[in-house]
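For clarity, chains are labelled A, B and C in written order, and residue numbers in each chain start from 1.
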């Protein structure tokens, strides 16, 4: 046994010698994870010499909680959705981030003023604005094309399987919008028991035809394989599939739900200093603008929005593909932070029971 | 199975259809494994046979997915393939790293399981062993208990099994334990867990070899003046060796193929082949997964052949001993 | 060489010597004692060979599972973070209406927990019993932090009238001690009402009993399918000449040795809507291109893939039993006038039962605990109880619930394991 230990030590030391300076980044994988690698990690390593180890999770918010509660934190920085960040911060699972360490805009505006509202909170610094959009595979619908949330639930006019994210968030809102609730009344309706029942009843109408995805990379794959005809997915992943693989996917911006996501530091992160350094580097306006050229998520800093150039490797401007662009914002819904902070676990529990039944 | 000559025509028809049914079941068993092999050479990004593939047009086939296995995760995959490229691949390619981890964890956990398991099997096969049945049941149970339960239990255990903070013990073991001195997210943790899962296989195969092992051989050696140690290494060991090796192979395969426990207790540094496959299957079922799968099928054919040879050898050796 | 410890020393008793006392060994010790000592020594030696592994398994397997079981009855999320109100519960009778002292204690705890950022944990614990209350704790915590004035009963009720709800007080009382049977009750869709009686949970939350039943039903179905497919193949292998059967055996053993993930991904490739099986069916004209079958992301996917993966576990024990069946019995039955069906049913089949029992139990035991394959190809209707355990471990993070579900599953598997040991004997477990 002892010999084994020594042998293990020797072998581990040989094969996996840890580098002196490193920061462990927990990201989402796929195209979005790749944008973190290309736009943040590689330039950061080039500039500071600190290695960035990226690992992936379906939704980094869950492993953070598991890591902190189990007492073995392996990540220094994680990318999470806004509502999750506030919730985790409330529960004492995140370190506070000193906003004064962030880089100011080029004209000298302090970072906290340069960010759109809510972009910097106690434990959270936003990196981008993403959105959940409806998508269809153009090759599957020859005549009429779906155009609204209601069409997504219309299995007769638009046959084929659907894929939706496994979880309550976004799906309940979409169901209500499809059921005729105007965007600005969605959350007020969801706060009532009848509203929740109504949303689940609407989801029930397509339940048998839904393939549930967990990792953001799954919906483009399911669409491409012809396994589903329509998807409810992150806009950036769809954009990437269209851009990189020439897939015939069309985004329906009507009824899109947008939200910020950004960096948090799990409580007890092993490399706090490097984590802060990485956050400051990656949220600098120029770097945010560059990230938006890799994947179609909008920068949350005002000074960065103007700096977004062409789609990486092309001559096309990225602007019109961002969820925040003017023409995409008609009938868009901003994800309600307070609602999801309060109701996330309740509605997810109900969702899981509904799904299993 | 030949039909008897007195079989009626109806029985003959039934016998034919029975053979057809058996053939179909054999196809069901083997086709899913074989079908992925040609698909892994697909030039297109599909999981189905393209027109070019079916007409054996060379343009329909390609090695690109095997190439991705080497390049995926590299810092500069497109660089010219010189020594630097290989160094980059060896250090950064995700599948290469996963293979390194899998082999390291597999070998060490197998060694541990084989040594402990063989000793225990020797003890268990002695008729005078107390509580034989209960102990045997306990030692085999890791094979029976659902992996999700083992994984869950180990998850709690590994995050609580820590050396005291700041103690000399923690200092001494810091290279192999996590930063808080725990087993979670360490190679050692995965190795111990996989050894536990491999133990039942070693016990079963070695005990099977020991059935019919003539204890009087040991007594004969002892009466001729051999020490217990000499007896063990010169008499017992050669006879049970085939069983030990096939048990070790089972233990190795168990570790090499294990993903549930790894998902729960391993950290980012313990990426193994099955874990990398799990990620790949869930996210992007690209033909690269099929390339890995093909390599693994070839690997299992090699293992199967080894085990078969060993089994026959064991039967032959034991054939000469009176039972 | 004849030390007194040597078991063979006892043989050296002088057979011819006639003595009045008890028999003695050559060196004059009473035979009974020497025998007892030497067998004790032999037992000790055997035990010491097993001891290292036993210790290893106890530490790396038995203790972790014990810890898991402990978690299923122990959860101090509320009691550890809300000490004052827990103390109030300890000194009052169940059913006592909360008074000003209780609300004062509650307000103090809410403030402390909110400042220590453990309020989320507290709310989550109560939320397990009364769904929809997590936010009551976190939002009240935020407001208490902004400052409230006594009397606290009125103040808290003003923040949220739900604080007057007897159900919440009953749940808090239940959680005020760390030990609870609540998670086991929840595992069978039961809960306690305000008076402490066990009742069913609301209909839209009833899920676990259904999942346990589905797990049993699907495992039973898969066992039956492996039997239907495995029996003819095992029979063929057992009756063919050794040479041919060894060759065909490879077709059974190769899947057995192939990685589980490889086999699962093969099935994903085969069963996709644009996959090989659908393509083949379209090409054969069985279905048209628009009517491709959905064989994956539903129960069908779980059943097909698991049947394939577990089939060797049925074939191998059946085969090893069938090999030993003397063909003369069937021939004798035929010669006595039995039809081939009768000979099979009355003579051959009963002799295969030991193999069938061994195979069926093994397949069933393995099937009820399956996780990977249903997770990848099962969709939502093909999920088994293991997937729910994993969901609670990594998704909802209700670890006590995961532990309780795991404990029930474990109990079921151990009972089957015990039956297996009784009927088949663990020693007879064969591999390959």
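Points to keep in mind about this one:
Methods note: a contact is a pair of C-beta atoms (placed from the backbone, for glycine too) under 8 Å apart; a residue touches a chain by one contact, two chains touch by 3 or more.
Just so we're clear, the structure is a prediction, and the values are computed from it rather than from any experiment.
Legend note: the chain whose CA centroid lies nearest the centroid of all displayed protein CA atoms is C.
Taking the CA centroid of chain C as reference, the farthest chain centroid is that of A. Ranking A-B and B-C by contacting C-beta pairs places B-C first. The centroid of the Cα atoms in chain A and the matching centroid in chain B are 37 Å apart.
Computed centre separation for the pair chain B/chain C is 22 angstrom, with centres defined by C-alpha atoms.
Residues of chain A in contact with two or more other chains: 1, 225. Each of residues 47, 155-156, 158, 160, 282, 285 in chain B touches at least two other chains. Shown for chain C are the residues that touch two or more other chains, namely 52, 272, 274, 393, 399.
Listed in rising order, the residues of chain B touching chain C in the complex are 1, 4, 6-7, 11, 14, 18-19, 21-22, 25-26, 28-30, 32-33, 35-36, 39, 46-49, 116-117, 119-120, 122-124, 126, 128-130, 133, 135-142, 144-150, 152-158, 160, 192-193, 195-196, 199, 201, 204-205, 207-208, 211, 219, 223, 246, 250, 253, 256-257, 259-260, 264, 274, 277-278, 281-282, 285, 289-290, 293, 296-297, 300-301, 303-304, 307-308, 311. Residues of chain A that touch chain B in their complex: 1, 4-5, 7-9, 11-13, 15-16, 24, 29-30, 53, 55-56, 58, 70-72, 74, 214-215, 217-218, 221, 225, 245, 270. If you check the complex, the residues on chain C that touch chain B are 1, 8, 39, 42-43, 45-50, 52-54, 56-57, 60-65, 67-68, 71, 229, 232-233, 236, 239-240, 248, 250-255, 257-270, 272, 274-276, 279, 308, 311-312, 331, 334, 340, 365, 368-372, 376, 386, 389-390, 393, 399, 402-403, 406, 409-410, 413-414, 417, 421, 426-427, 429-432. The touching residues of chain C, when paired with chain A in their complex, are 52, 116-121, 124, 127, 131-132, 134-135, 138-139, 204-207, 210-211, 272-274, 294, 296-297, 379-380, 383, 388, 391, 393-397, 399. Remark: chain A residues 1, 62-63, 65-66, 69, 87, 89-92, 161, 200, 210-212, 225-227, 341-343, 345-346, 348-350, 352-357 touch chain C in the complex.
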